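Both of the next two complexes hold subunit A, though its partner changes from subunit B to subunit C.
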Partner chain A sequence: MMENGKISSKQVTWMMISFLLGSSILLIPSAVASSAKQDAWVSMLISIVAGQAVIYNFASLSMMFPGKTFVQYSREILGKYLGMLAGLIMTWFSLHLGSLVVRNFGDFLSATVLQHTPMIVPDSIIVILVAMGTRMGVEVLARVNKLIIPFMILLILIIFALGIPEMEFKRILPVMENGVRPVIAGSLVVIGFPYAETVLFTMIIPFLNSPGKGRKALVTGGLAGGALLFFIVLRTLLVLGPATTVRLWFPVLETVRMIDIFNIIQRIESIVIIAWIFLGFMKISVCFYSFVLGLAQLLNLKDYRPLVLPAGVLMLALSQLVYENYVEETYFASQIWFPYAMVPGLILPLTMLAVAVIRGLGGKKTEK
Partner chain B sequence: MSRLVKKYMRKRNRGKKDSPKENEKAGNRQAYEMEELEKMPVSDRLAENLDILKGVLGHNSDVVFRTFRIGLADRAEAVVVYVDGMIEKKIISAEIIKPLMLESRMAGMDCQKEQLLDLVENSGITASEVKSTAFMGDVIAGVLYGDAALLIDGLGTGLAIDVKGWQTRSIEEPPSEVLVRGPREGFTETLRTNITLIRRKLRSPDLFFRDIQVGRKTNTSVTIAYINGLADSSLVAEVISRISRIDIDGILESSYLEEFIEDSPYSPFPQILHTERPDKVAAALLEGRVAILTDGTPVALVAPAPFITFMQSPEDYYERYFLSTAIRWVRYTAFVISLVLPSLYIAITTFHQEMIPTRLLISLAAAREGVPFPALVEALLMEFTFEALREAGIRLPRAVGQAVSIVGALVIGQAAIQANIVSPLMVIVVAVTGIASFMNPAFNIALTMRLLRFPMMLLAGTLGLFGVMTGILAILIHLAGLRSFGVPYMDSISPFHPGDMKDVAIRAPWWAMDRRPADISSKNRRRQSSGLKPAPPDPGGNKG
Partner chain C sequence: MIFLLSLVFIAIIAIEAPALVRNKMWRELAAFSVLLLIGMLYSYGQALDIPLPNPTKVIMAVFEPVSRIIEKLLS
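Here is the complex of A and B:
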């Protein structure tokens, strides 16, 4: 057995929440508001519902093959070569996504707290931590996550509450000024980022101690994480208004910067940065774990641990090479990411689900 | 016993084979190998036995050979061998020599040689504990552990009579674990006393004590205590197998054992709880844990010990639960402070000045104006001084110790600030950190925090808050992967057990804490019947 650890369905739910919040917590408000403007919160509601469909889709596929990862059952469904290709796509996607998050991480820290430090320094530290956690197995990742996530959620709620004095409801009016189209466009962004990315959990739920609860755990996590994202977007809109939200790189940071209580608690945006370090760590860990495990299974290795060090170097190097500059990053994220992420996120699992049902594979029939 | 002696002798022989000449030289002093002795039967002839015993033990000034004639079987010659100082001389004279030498004669008992053993063992010696053995090895081991060996001419059997009695410390309150309310007794250096202290608290036939001998030279008795039915049998087996694995020349303190049996030897975090309090051990046994008592030290080990057990003091359970809950939270806060406060101070004053309120920033800047060092150097300097003072305070005699604290308070506190070497705020930070680290009920985890504080400060000085957070993250990853006898170290919190929160997040009143910790005692979790919450009597049967 490649991974001896077992995780509970609750741990998966919490991991899902961290994964959804991961890099989205800072980037989503401006990404959604760029097309949906003041209706970004409506987009969020739509995408939460649509996101559950994405999760439900790949979770159903995984439920048909309990105890097997995407890379393992893709060969069963599509045959040796096509299955290998599907596994390769998923493995590449996890590597690419992981690199992008590492890059976001470096960009963000260089722009805020570590302005004079080369980006490779914080990036390599976080990759070392991720590799350290991944080496210890999925069980440890789930436990670290459980140690941190309650504080993160508490922090989000506190920051929401502290922002109330700055909020004005007229900033999200008028509702649906430009019709439905921009709202849908905004929600598509969120379906691609972060919902389509959650497909990497097909590499994690095989290690559930009660495989029957996988889908429920993922959907619960998807809803809870989506709700938190919704509150973050709503709060940003109410505090800053759509125009400022779009213009800023990290609008959430700006809203926190505005918090000022009795002239004592002020400029606490560094705490948000800390939160982002934790959540980003979890997201990169899930990507990295999926990558090394997928690669080990593609290559038919007995253990994924020898791959951790080279894979860490690879992910770090890729994160430095993946963009030339921030403009390119924004362009890629807004224009290319949605169709790109949809291939492994929705199309591939849906196709495989259809093929599996037609070929009558899998231990358990899905409902419907 | 015998297995260990064998192991001991195997090792000895290996050493001897390499240097046969040395063996010859030492031959006079110790004519027999222990291996031979182990298998060597007690001879019929007393002279032969005596030769062997004198060869092995005779060169010791504290070993006494007392020869006499017993009043039985034609005045057979007998010898009592014991180590002076380890035995009660009165017992030897009154319970062994007197009945055999005089009273048997007066009672007119006499017998044939065949009945001699039965008569001596069952009608002669009046001491309470007598073991008969046919091998010389057991006789010698008995003598070295405070037994008196009785050998009689014509008998192929040796008798080991328990006459142990040596100077011991009386039962006192352990100075490192003082409580305001609660029992005032602590363990001593004598294993038997310690076992008694536990037995007196748990008068149940389910309380089991299992003995293992460890140490080739010290032959230290190690006792594993557990409650049968509460402690997982696999846990008990694991503890026993981990201790039996140890092959070392000597065990002088339970920390020797601790380092041999913990799960992750490279972790800075302690994975086994240690205590000198019998009540703490009894409470742990009632939760399904296993205690390890070592002869020669008052410190008992308790395993498995996840992180949260290091945060709990017995006093939490003896005081009212509201207060205990509040104190627990102060303790948790202090625990975090003792790890991160200096590093947070360094990070914020060096990298994130914007987080400091303006007025405080101004006064801070004014105070730091004359200080030539960066905050990191300042903090390292002060922390080092503090650690030095603390260490000096422990070592010095009490009278001089006060001088040290005066030097510390005046020189460090006052003069260093006036000389502009450190800022006043830094002194406050270091002092608060020091006090916070003393708040911990478990000394060993406070030591861990002291140690980890320094890398955290370096991280803070180089990378600011980001460095602090990566440090915390690294510690959390380590903690999440750590185990104590198979139980996850962060048990109750992650993996999360809602029921355990009654003894983690709060200290629930006793009538509400109806279950044992989930992962410690998985078989038998209920510790009391339900519905025990007290209420005032119903007045006259009226409802409302």
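Here is the complex of A and C:
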């Protein structure tokens, strides 16, 4: 047996929320506002709707094959070789995404709080933690997440409320000044990052204790995470305005730095950094888990645990290599990521869903 | 740096390999070794400043034309 753990549908919903927030919570406002300007919040609304379609699509595919991961049913649907290729693409995507998030994690900490520490230090620590969590299995990850994420959401909401004195409504006017095209361009960025990335949950929902509830749990999580992201973007725009939001690397952190209530509550940005570290940990864990489990299933291994430590080395090494400089990072995230992430995120599951329906594969939802 | 890296790799092999050999999990041992070798290649390569194939560059080259088309449609 590859994985003995069982997770509940509520835990999946919480995991989905932290996956959506992890790394996007700080990077999304400037990524969306760079094309949509003051209409970034409209872009967010569009991408939340489109993102639900992406989630619904791959969740439906998973529902047809309860208890099987993407790598397992891809071979069943597409045959031996094409199925292997599809599984390989998904496994590669989880490794690449994982190393990109590790890189973001290190970039953020060395730009804000650990300025004199080499980036490899925080990166190694987080990868070691992720490897430990992954070795213990998906059940442990889901439980840790459910224990901590409610506090993180509470913190985000408190910080949102504390920013209200700095907000000015005129900063998001005029609405749709440049027509609808920049708004759509902005929403495409969000559909790719983070919504298309959630396809990695096809490697996790097979371990649900009630397989029939998987799709509902994922869509609920997608909506809740999307709503939080929407509030974060709106808040950043209202506090900083579009021009400053685009110029800053981590605008959310800046809006929190500005909070100063009667000279008593101030300098609370470390709270955001704590939230970022935890959410980043969860996102890297989901990527890492999908990678080792996917690789083990591709190679027909009995257990994924022996692969955890070498996979950690590889992910850490790749994370230091993936970007040469900050310009390349921004270009990759804003221009290349959307079409790239769409391949495993939408095109591959949609094709497989169509083939599975035509070939009449998969059980009718669930028997129970 | 090289010394530290080597220590890490020896530790990883010492943790995982004996149990795999004892339980005769040869397939797992092979996968473990290959994955660790790739990881070692990339770690030593970076420590010694040897240029290695960068996956991000490959992805960029493949998806650049698509991203140009999208950009043209939306500007």
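Methods note: the second predicted complex is superposed on the first by the 364 of 368 C-alpha atoms of A that agree within 3 Å, B and C clash if a C-alpha of one lies under 4 Å from a C-alpha of the other, contacts with A are read in each partner's own complex, and residues count from 1 in each chain.
As a convention for this text, a contact is a pair of C-beta atoms (placed from the backbone, for glycine too) under 8 Å apart; a residue touches a chain by one contact, two chains touch by 3 or more.
Everything numeric here is computed off the predicted structure, so don't read it as measured data.
In the superposition on chain A, A:Leu21 makes contact with neither subunit B nor subunit C.
Of the two partner chains placed around the shared chain by superposition, neither subunit B nor subunit C is touched by A:Leu237.
Shared-chain residue A:Ala296: touches subunit C; no touch with subunit B. Of the two partner chains placed by superposition, A:Val272 touches none, neither subunit B nor subunit C. In the superposition on chain A, no contact is made by A:Ala33 with either subunit B or subunit C. In the superposition on chain A, A:Gln320 makes contact with subunit C only, while subunit B stays out of contact range. In the superposition on chain A, contact of A:Val144 is made with subunit B only, not with subunit C. Against subunit A, the residues of subunit C that register as touching in their complex are 8-9, 12, 15-16, 19-20, 25, 27-29, 31-32, 35-36, 38-40, 42-43, 45-46, 52, 54-56, 59-60, 62-64, 66-67, 70-71, 74-75. Interface residues of subunit A facing subunit C in the complex, by the touch rule stated above, are 96, 181-182, 184-185, 188, 295-296, 299-303, 306-307, 309-311, 313-314, 316-318, 320-324, 328, 332, 335-336, 338-340.
In the complex of the two chains, the subunit B residues touching subunit A come out as 351-352, 354-355, 357-359, 463-466, 469-470, 473-474, 476-477, 479-481, 488, 490, 493-496. Touching subunit B in their complex are the following residues of subunit A: 8, 10-11, 109, 113-114, 117, 121-122, 125-126, 129, 132-133, 136-137, 140-141, 143-144, 146-148, 263-264, 266-268, 270, 273-274, 277-278, 281.
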